[in-house]
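Order as written gives the chain letters A, B, C, D and E; numbering starts at 1 within each chain.
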């Protein structure tokens, strides 16, 4: 009977040592997933998600404090890849905010270039004292231009539907 | 006899007897105004070449191809350009599309047509250019520019040119009538295409429910070698290129590939006729045969309509409507589109205008799927529609693709047979649309991300430059003005914005 | 002792609410289903198993909470397992020696408590992070929560399957409890399915469904109350 | 996209076949009618009571479930509940007490169908699920086979007596019950006596095929079931794959073992003509919801049903095994559907594009 | 368990080893203690259980020895795969019968029962100790549920022929249960084979005694 005790104790000693060793050998770096999430985000630091910047949003998403669909510029595609990365059920999310596009009211624009300087994606073209225009292809709808416009001539609207972007909606029934 | 017959497929009531025995109405009253949408083809919009107030002659170029997959547009009659403005497009969305509006002067005066040599004496490349100039697109509804297809064909060893006369959509008889009435022209066009792509043989494939057309074409083809007129079984969707190729040659087009890959090229009889007109007489594509049919049409007929004619006018030419239609369609009932307005214009790809009664459409409230797998049996592409729809319904597009969404040709066979009346095709349209949207937004994100990085780098560079300038200023104050002038305008603003 | 990093212990009210209803072992955490499904052929069996589990849970939670300061993450799983297995074996011996009648009823299942992941679940999730008193409270709450579910499922299956309720309860609890033994439906051959394994799954399924239904009702009422509160303001 | 939401338009096609769910269900019921009527004739008034009460219980349960889910009661018109009840009644013993009938109908619809999410969502065939659940729960009642007592014959119970049996005021007289052929064969096999002798003495193949023998309410006559099934095949309600695969694999297996030992194993012809194989092959295994959707999948499914059924019959604890076999294969259906997909046009069996027969000009 | 104030010695390998080893040592000691405290009681319970069981099938008046102490384990491979425990009963010095602890294969698994036979080879009683048969269907073999098991009382190899040792369905003497034949069939054949064992064992024992007597005399 005491042999059993001895064997058990020896086993415990050995396994405890092995486990301690294993914990040292296979030690994992702290949460590499935040970097992965941040790499997926647009990086425009636009703040539409409500966080100070993309890296703060990434941290919040990993901790579960931000929904993966809170990034309007990223749209559905980003939401899906984030959900997959963080193992989140897409159906549990509500409606995501719709991506927006900036438009400049040409009758009011004075060509002050403030918006042009503020745009994180260089989506506004124009020079001093010329009316500016938005390249919709590059606009992420971050509203930074709107915030700095002294004439209040910039508005943000959902991307208009065209024959090329229209498609059938999901049927209601069945 | 036909190699491997088509897989799946359905046999909807053809309803072709409404119009099949009646000859094409050639002389429609000239419409007051013609509407030419700038997008009547697969690629991007063409660019208008006229301005409001310009006078144009019949056949004159009014819009030039806007890119590689775009096509030219010509004035269907003589008159004045009164507007270039958005009209309601002949499209189920009801969204606006820019169109050139021509008010006809009633004279229908042709521009001077070029004198032509024997087309068969010209080089294939020259002929392809002429086809391109004439603005010809796939007339069976595919609206893919014909010249592009011909040039692609020239890069491959094309053994068989198939002329598609298997008009499988119910109601439609425009190709049938065309084959009966203008067989010689079609054979002539086929010979020209064969000349362009240097095909070994021509097979004209006609469904076996069109004996008159078969006979007419056989007669017209008799003098020429290597042109064979062949019957294929009557079955929907036999008119789809992939299914027709399978029925005629026994080969399948590889997924994601083109018929070129297996040495086959398919052209619709309507396209062949248009090519004949363009190469023989120099006439650009300004009119087409349209089937006007359906239970609500007083006197269903095929009409030869100018492109841009409002649908209202051609229905009136067929005696008008006898009841309010449940559905007003452009194209056939299986793959056609509802049009939002009776004032929508006829476009190049318009094979028919159908005004259908409620009984004809036979639409019901959908009930849950009972997995009867009739859709699986009906699918000519060998897909699993019920699973595709199930996954599309919960926005699981990856799985929908797993079950074949990519290969779906939207032929509607599945939705036609579904006893639960599930709008399967709409699920697929939705899923395909969402996937496209997603791809676009991914591209956009990558693009804007690159832009941001570039901008950040630039700002860093500018900052470094400024710092260097400051240092330089301290050392050599005389250079100050020079440095400031070289800096971009608003460095101060930038600093304040960042702080 | 490394109490600095210990999360604040939840209120006892929360501990009991969690154990008995919200985060019930069987209906919320879905742990310990193997013994749950196996022994609940009668309410008495359920009660016995539940009480044995409760005893083990009390002991292990207390012990683990006591030693939590010296255990390091690297070896915590084997240490806890050794502890749990030993405690269960001791309980098994003790019941066999001093409560032999009960042992005859529960026999096999007591040893199986080792593999009941509910035990390890509580040890790992609660006792290893909390002081002794809350850990004991948690064990009590979770144990009672587990027991009442076992009894409920056992009762459902017993009534449907044999037409009795708490049959042989006196064997377990002593002769004072003979009054518990009720024949609900006399001369009833019983729905055998209910006593067979599928019956256990069905009973558990219904119980969980009922819990969700009640939870939903409570939530709806709270929301209505919140709205009403807004109105008066 | 929101701009279009108010539009009621639907995408193409704008032509539809005239088929509908209720039409399909009713045609299946019609195909079952001859065998059902024959069952009524064989087992008399108590059988009619059993049949009617099971169907009514199924329909009533469906109605209650629909109401509870807040769905339109008009969904009843799809006749799927009637069909489930009908199939279930066909496979029940002919003289069931009232509570068994009500329980059967309730279990099939409420637990077998609506707990899974209603029509089209159930993993298992509801009728078979109910039958098997009852067989396990009430083995005595579910294996009480009455002798053939044709309507109008002397032994046939009258109306009052039928009602008394139905409401358990009177037990079924002892002499009225007996063992089915498969049950007797199983007993003989377990007892070590030769099956061949027993069968030769007591049972006739023709009677078994025609159905003049004891067994479940509506499945004794393999002939009438076969005719109904063939009619369904002709109407294209079902495809041939599952019945042929199931009957084929049964025939093959039973033939094989029969050749090994005549005494130990039952002849394949008896396997095919008793215990509801025909009903299973044509009406139960072919249930749309619970069988695979591809043709290859259907063949695998059918063959699997035959295999499992034979294995249970030959070596398992129950003499009849159609229900168990179908349920077993039902559980595999999602797997089969995932693995066995039809080959898509232009792709090989694994879903990769077929090899390009490159016609590119060498230039 | 993430502790900020972890002293450094805890991350040493030796600490992990000592912790687990110490735990194992402590627990095994505890178990040894537990075992010492309980094993006598438990053994006593086991013995009592066996005697209680014996009481059910063999009247106290039949023996004055301690059958459990005198028990033997024998094996007849052609009758039972598992070894058989035989508890002989003696009154004075006279052999008065025996109890056999047997296991057969039932429908749901092994079926463990005890049967007592008197000196003349008649069954005194049969009781099922342990079974896994379908409840409600085949558990009528328990005396609490049904008195079917008393049907064996008084049977012997001589008063019941080989053919009669079977359930009625197989043309034998014993009832089967509705819907379950396999369990009674197994038990009937088990008792039958048990009697045969008893007979063999008795003959051997008598032969031995005779041999002993002969050599002794």
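Quick note on the criterion: contacts are C-beta pairs under 8 Å (C-beta built on N, C-alpha and C of every residue); 3 or more make two chains touch, one makes a residue touch a chain.
Because the structure is predicted, anything quoted here is derived from the model rather than measured.
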Far-end chain from chain A, centres as C-alpha averages: E
Centroid-based (C-alpha) most distant chain relative to chain C: B
Leading chain pair when contacts are tallied as C-beta pairs: B-D
Central chain of the complex, centres being mean CA coordinates: D
Separation of mean Cα positions, chain E and chain B [Å, integer]: 86
Distance between chain centroids, defined by C-alpha means - chain C, chain D (Å): 42
Rounded Å distance, chain B centre to chain C centre (Cα mean): 67
Chain A and chain E, separation of their C-alpha mean positions in angstrom: 70
Junction residues of chain C - those touching two or more other chains: 72-75, 78, 82, 189, 192, 196
Junction residues of chain E - those touching two or more other chains: 15-16, 19-20, 23-24, 27-28, 35, 137
Contacts with two or more other chains, residues of chain D listed in rising order: 4, 10-11, 139-140
For the chain D and chain C complex, residues of the former touching the latter: 111, 133, 136-140
Contact set on chain D toward chain B in their complex: 4, 7, 9-21, 23-24, 75, 78, 80, 118-121, 239, 288-289, 291-295, 337, 341-347, 353-361, 363
Residue numbers on chain C that touch chain E, as the complex places them: 2, 4-5, 41, 68, 70-76, 78-79, 82-83, 85-86, 89-90, 93-94, 96-98, 100, 103-104, 128-129, 161-162, 189-190, 192, 195-196
Residues of chain B that touch chain A when the two form their complex: 39, 89, 91-93, 95, 97, 365-369, 392-395, 420-423, 426-427, 429-430, 432-434, 436-442, 444-445, 447-449, 451-455, 489-490, 493-494, 497
Touching residues on chain C, where the partner in the complex is chain A: 72-75, 78, 82
